[in-house]
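Letters A, B and C name the chains as they come in the text, with residue numbers starting at 1 for each one.
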């Protein structure tokens, strides 16, 4: 199994769980859990593949959708065990983002896209699944929450992946550099309140 | 005219009317009616065709867009005659869903997709037009309303279509089995409050 | 540089500024500005290119994304100088719409699409970027605001472009006819309250 496919499957799995937990907050039924989990899990990668004019990664291969569906059902039967769904959603989302950005960069690299386009595809793959999840259930998108690093973390991770490939070569180094950078920035933002210098909330006009 | 195209046109027509009625609730002008009607009417089928890498069904053929536009205008001039727009929207949406799921399965079958992918495309074609309609005007998506069978009805109908093709052969049997299953489940949910066993609303955390 | 590409770049630039101003209203950080600006700037043209099965216009060429990003940063550092962000957003959006509709018609003409499909692609290119911008940040879409000409202006401009090409030939005449028509109708709607005859708000049911 290639590194790119493995990354896609890992991000599908973690995003599916976040989607199912959001479905739990919206009190959907089991099939609603599966629907939101699948949308979240494959949404970002699907947009990436449409933009790159590749075959959509989950259509040639039943595993991603089956995995997302199975995890959604598992969450349906266990989510009442969680003490705080929101906290778990935020942290799992950070993990899924880290993996999905790496998957996006790897997939774009595989089609011969230019380095800047690989960076854009990393951000697209990482951010759009979670954005769709939140828009569909009518929540404020986590992606755009004020004063948190989110797109910034995805962008830094994608740049790290491209830099690591140039310096250390292909395969796992770019994926690891990307996931570590993205997750570290998201974790610093969630836990320590890191934000971009110069961000000063002003009243909207 | 092929069964697949006829199903696409029928679902376009019924979804267009639901889109126009939602535009009436949002008090849009005639061109707004046409815009929301077209988005609802062709939205699900468009996503399906992009995913399957087929030519978008309404671009090669002016009839779907013309039909949706004409029906939107008809609704603009007559919607004040309805006693209850919401009730009509919900029932027409159930009918449109039934036809659109059948159209989605038929189109995916036509491209040689695997049975599980036909089921996914049936759900995508059925659910995404109405989802776009509701997200765009800022309503809670009917697709995700709590404690109702919606995605479930679409999923059961798509499975029925694939099963009916295996047993009874190609052509109208899968379409009829699909539409009947989907509509029966939606109708039971709307009228009799059918819901999935095990669905127990809990307060969100 | 071809007229079609020049129109795409111009609409990218103006839509990017509106996206960044909406990000300012939502109090996002600099990377959030860039994200919303890029989404708004290339959203409509991207959907158009996916529908027409053309390569996505900003993937082969780093300029549109670079331009949108640079303008987003410029807005980040200067938006506090504006006396009224909403007024600027509405007027710039009118300008961007005028250019984007012309760009959409030109691109569709370039792929040999039928005249009615060129009109649809003009409306899609013009309206979908702004629609995504507003849906993502949770505002009521400007596209669907009650009692204003918006989709109507886009539709009239797209029809004007096709008519001008028939009468006056290819190149700048259709673009100018389109932009002038679209902007004039939007401006009349914003400034003078123009609306479609027959639009009479009724209470929603």
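Here is the rule we use: a residue touches a chain if its C-beta (ideal position, glycine included) is under 8 Å from a C-beta of that chain, and two chains touch if they have at least 3 such contacts.
Remember, predicted model here, so these are calculated numbers, not experimental data.
A.B. asks: In contact with chain A and with chain B at once: which chains are those? Just list them.
C.D. replies: Intersection of chain A and chain B contact lists gives C.
A.B. asks: If I superpose the C-alpha trace of chain B onto chain C, what rotation angle comes out, expressed in steps of 5 degrees from 0 to 180?
C.D. replies: 120
A.B. asks: Can you check how far apart chain A and chain C are, centre to centre, with Cα atoms defining each centre and the answer in Å?
C.D. replies: Distance between chain centres, rounded to whole Å: 29 Å.
A.B. asks: Where in chain C do residues touch at least two different other chains?
C.D. replies: Those would be 50, 135.
A.B. asks: Once bound in the complex, which stretches of chain B touch chain A?
C.D. replies: Within the complex, chain B contacts chain A at residues 50-53, 113-114, 116-117, 120, 123, 127, 131, 135, 140-141, 143-144, 146-147, 149-152, 155, 195-196, 198-199, 201-202, 204-205.
A.B. asks: Write out the stretch or stretches of chain A touching chain B in their complex.
C.D. replies: So the residues of chain A in touch with chain B come to 24-32, 34-36, 46, 50, 55-56, 59, 62, 65, 80, 82, 84-86, 135-138.
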